[in-house]
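First subunit A sits with subunit B, and in the next complex the same chain sits with subunit C.
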Partner chain A sequence: MSAVYISGLGSISCQKTFDNNEFLDEIITYTDTVITAVNPNYKEYIKPAAARRMAKGIKMGVVASRIALNDANKEQIDAIITGTGMGCVRDSEKFVSAIIDNNEQYLTPTSFIQSTHNTVGGQIALELQCKGYNFTYVHASVSFESALLDASLQLENDEANTILIGGVDELGDHTVAIHKIVNHIKPEKIDSTALLNATTEGAVFGEGANFFVVSNKKQASNYAEVLAITTYNTVSKNKIQQLAQEFLQDNGINIGDIDAIVLGNNGDVKHDSFYHELSSGIFQNTQQIYYKHLCGEFNTASSFGLWLASKILKTQHLPDVVKINNKSITNYTTILLYNQYRGENHSFTLLRKC
Partner chain B sequence: MSKGVAITGMGVVSAIGNNVAENYQSLINSNKGISKISKIDTIHKNDIMVGEIASTNSELEQQLGLSTDNNYSRTALLGAIAAKQAVQNAQITNINSYKTGLISSTSVGGMDMTETYYYDYLENKSSQKYIDGHHAGDSSQKIAEQLGIKQSLVTTISTACSSAANAIMLGARLIKSGKLDRVIVGGADCLCKFTINGFKTLMILSDTYNTPFDENRKGLNLGEAAAFLVLESDKVISEEKKEVLAYVKGYGNANDAYHQTASSENGDGATLAMQKALKVANYTAKDIDYINAHGTATGNNDLSEGRAILRVFEDNVPDFSSTKAYTGHTLAAAGAIEAVYAVLALQNNIIYPNLNFKTQMKEFDITPQLELKEKELQTVLSNSLGFGGNCSTLIFSKEQ
Partner chain C sequence: MEVLKQELKENIIEQLNLEDITVEDIADNDILFGDGLGLDSIDALELIVMLDKNYGIKLTDPKEGREIFGSIEIMAKYITEHRTK
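Entry: the complex of A and B
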């Protein structure tokens, strides 16, 4: 079975992450309930006429994938696998509201076409003229992990050698409004540096695109090796520690081997307890890392977590801003990631330094 | 590693029947499920024909024994019913006795409720339960819950009209690689104003019965459906001494990389998908006995797909037909209901007629099978082609 390596990455997020020469050198702090992505200069990557027609999700996805391909020094790949919770949700909103507001009249196809979930994956294929395998996963907070799992299957079994994967989601006004009403978004503006101290339900919503070139070729420039990835539709809270242990055991890793754990805490008092189980339990002596104060919560926010862990392993640098505790680790070899959203769709991802 | 990917159970609900047996009866009796729309109040109701499922939401809720405060979209209701049929058909009593996952697919997800309560959500507490049901993964989570699948791999694929074919493909790969012993695969999509109006703006909806591969085809009829199949590994088959209905023998996915909604004139993507599937199955084109075509009856699809079939099969195009004239185009579910039809074809050695065909297409001289035909079948190839250039082919076989 071949190994799976991360060989390039591209991130567009609520931080200035699109420049791969930097690594969270400047941090933008927010005091809000919804935060939006920092745009790169899209014109550097997409012709202005084309960019004008593109939904934000498509733009972010196309450009993040370009950055990842440049980073991996690749022009062509064998497959494109995308994860997105909601697709181009602004276009979905536009089309639904137009149907209602105009009583099904005077509609144009653009927003319908862009609302199709696989529109980002399809556009990337068009841009790259990539006729290979092209899947889109749309399963809430494991959308991106499903893409990574699929890519790993293909690389391990040598069905492909180089695959572009990514997670992308954009914010839409109506979606934000209705998620505020049901308290999925926090009622009060919150300082991003104080997210972990939040005392209310809901999260701070964000958006972004994080794309990766994954390959089964060992090379010095690789960021990390993906040792394992697994997802669970449901987990009961009292089982999460046991499940983490079993996952590590299956991969021949002890808890003591984990140099850092990357957790998906989003400040929701109702659901962060899954993370607390691990951080105050079997991983209490492990360096703990969080990131959703930087990128916000969205269905594919965990792809930012993978971006972060990959950067840490390659640079061997842990920015202070993502530390939950401080264990003064000098050498990062093995990192575990854990994420869930509202108590469902959990995932563990295990990375090792190359 | 499991060599074979066995199909041991199937469930389907569509415009031509509420279960596998009813669907089969309609298929062999040329009973179309296409009619004027009755359940959605759309201004297009006099201009379009659809493949609608007879049961109302509350009838489906009753069938599943759901309480009135449930937040199931119609997609989730249909999906849960078809998936339960499949598991029952596979005679599974303890779903968690083997490593079991669920790979579902949908294109509209909970859009039927979203478009009904879009502004109401902002004011009315009672409709807000459906907010959580909007995203595409929600119906899969509910289906998993209905089946009792816990702490396992559950995911959703959305690649427009090829979605369910891709769910079957991923399921087969998960079985082959040994990641799962058993996986329920399929898809569900309900009719809603969103897709009706979307396809209307693309001007590919027919105002009458759709006519696949006909020179004068006027476009597609939208349909709603759900279908699921149970796939099991060699290990489960031998340990449980299971009866195998058929095997998933080959699969291939490729992208046309031509246009966001239209297929390339020469069917590059579909050609690649069929070639890949033949390679995975270790077959040559001659090994295929019947093609269940995507055949949506749009001008673009049938030309592109027909040309792709000619490129792959050259002078030896096997019998082919599209079953879209029966069911309408059920979008994400199409690949799954047609997988069920492919297995039924194998089991009964039957090729379904391509209904409503009158005039030969000018661009090529291949003609779909027009009458019900009895023929010893060993293999069936099924195409599903979608927006975003997504092209998928599955090959089903009697023998491993």
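Entry: the complex of A and C
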């Protein structure tokens, strides 16, 4: 894998992360089963005429990408690669509901036009007038990782020098209702500070958009270098430690070289055991970090994990609120991220300080 | 007619999600498209559906819409003359 440097980032999440001058200085705690993203002032970024047709997911994506570009001091990029698990579910729900409610009559165009999965990538391109490569990956909880992998290949093949990548997912009322029925959302309200002590199946759902400017140019202002990324659709629990070790070995890294591991624990007693395999196994002496109590669970929540790891590497500050254990690390150089959702779509991402 | 005009303004604001616009901001003779209220071709499609759904008026010729959607005053007059519900 050729060098992939993160030169800018932007995050809209259930925390006030849209201000890049702050790094989880002020934490919002929740006691709920579903938590929603904190809105920045969208009007500062999107003209009213354009914003009126945008559902929250599109607004979050457009604004997070703008924040990332500003952070990287970039006006233009060569490509836009987006990951989304559910796409623009609000407009999808609106359009499908209208079909049902109106007996397949009187269908209006706006929600249909805006309901496709690649609407966010398209709107970002329109805002930037970027006519370059534009692709959207829809691969459940490895949607964002697929986007990152594509970006690394684009950079490796010199197809592009600077790429905007991101993960975005929004909550929709009907989608939430369905996930509650099938118990993918927890039955009881959970105090976000006690997520890891939850005793039930399911997760606390959230939403958000995390965008990154990645390039092949090394510069002092970069956040981190993405050393490697890999994904697996299905993995048995007893193989996860072996896969982690092989991933590190393939990249010439020992377990002892990992300064911190960022885990995607969501408090689901049935599926968090994958994380426990690692945290109580080969990484028991490593600083362990979690984040889904801050952003909730959604298909591209791992993009928040990458945002968090990138911030840690650049600032060399580990906020207490994300610590699972407490190891005294003086210099964060190499961070491993591991995520899965409901035992499927696993990903490992390796980051190094620039 | 005044009630219909008020209803049209409310429906247009809601259907087209004109967040920063109130009923008081739209005068009866304001131009709705282009330099006026700034509506565009997608909004025209939304208004055609609204006429059909709310007033039973089916517009088959897009050129017809261009004239009918000139202003709230023109719309209200057309609806009054052609509504079937």
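Of note:
In this text, the second predicted complex is superposed on the first by the 352 of 354 C-alpha atoms of A that agree within 3 Å, B and C clash if a C-alpha of one lies under 4 Å from a C-alpha of the other, contacts with A are read in each partner's own complex, and residues count from 1 in each chain.
In this section, a residue touches a chain if its C-beta (ideal position, glycine included) is under 8 Å from a C-beta of that chain, and two chains touch if they have at least 3 such contacts.
What you see is a predicted model, and the numbers here were worked out from it, not measured in a lab.
Look at subunit A after the overlay: subunit B and subunit C fit there side by side.
Note on subunit A: of its two partners subunit C and subunit B, the one contacting more of its residues is B.
Of the two partner chains placed by the overlay, subunit B and subunit C both lie in contact with A:Leu107. Legend: residue contacts after superposition of the two complexes on their common chain; A:Thr116 is shown touching subunit B, with no touch to subunit C. Once both structures are fitted onto chain A, a short way to say it is that subunit B and subunit C open up an angle of 70° at subunit A, using Cα centres and rounding to the nearest 10. By the touch criterion stated above, A:Val182 is placed in contact with subunit B alone, subunit C being left untouched. Of the two partner chains placed by the overlay, neither subunit B nor subunit C lies in contact with A:Ala220. In the superposed model, A:Ala49 makes contact with subunit C only, not with subunit B.
Our summary of the superposed model lists a minimum C-alpha distance of 8 Å between subunit B and subunit C. Across the two superposed structures, the residue set of subunit A contacted by subunit B and also by subunit C is 105, 107-109, 113. Subunit A contributes residues 80, 85-87, 92, 95-97, 99-100, 103-105, 107-109, 112-113, 115-119, 121-123, 125-126, 128-140, 142-143, 146, 149-150, 153, 156-157, 174, 177-179, 181-182, 230-235, 239, 243, 299, 344-345 to its touches with subunit B in the complex. On the side of subunit B, the complex with subunit A involves touching residues 42-44, 102, 106-107, 109, 111, 114-115, 118-119, 121-122, 128, 131-132, 135-138, 140-141, 144-145, 149-160, 166, 170, 173-174, 177, 179, 193-194, 197-198, 200-202, 253-261, 268-269, 272, 386-390. Only residues 48-49, 51-53, 102, 105-110, 113 of subunit A touch subunit C when the two sit together in their complex. Residue ranges of subunit C in contact with subunit A, taken from their complex: 15-20, 38, 42, 45-46, 49, 52-53.
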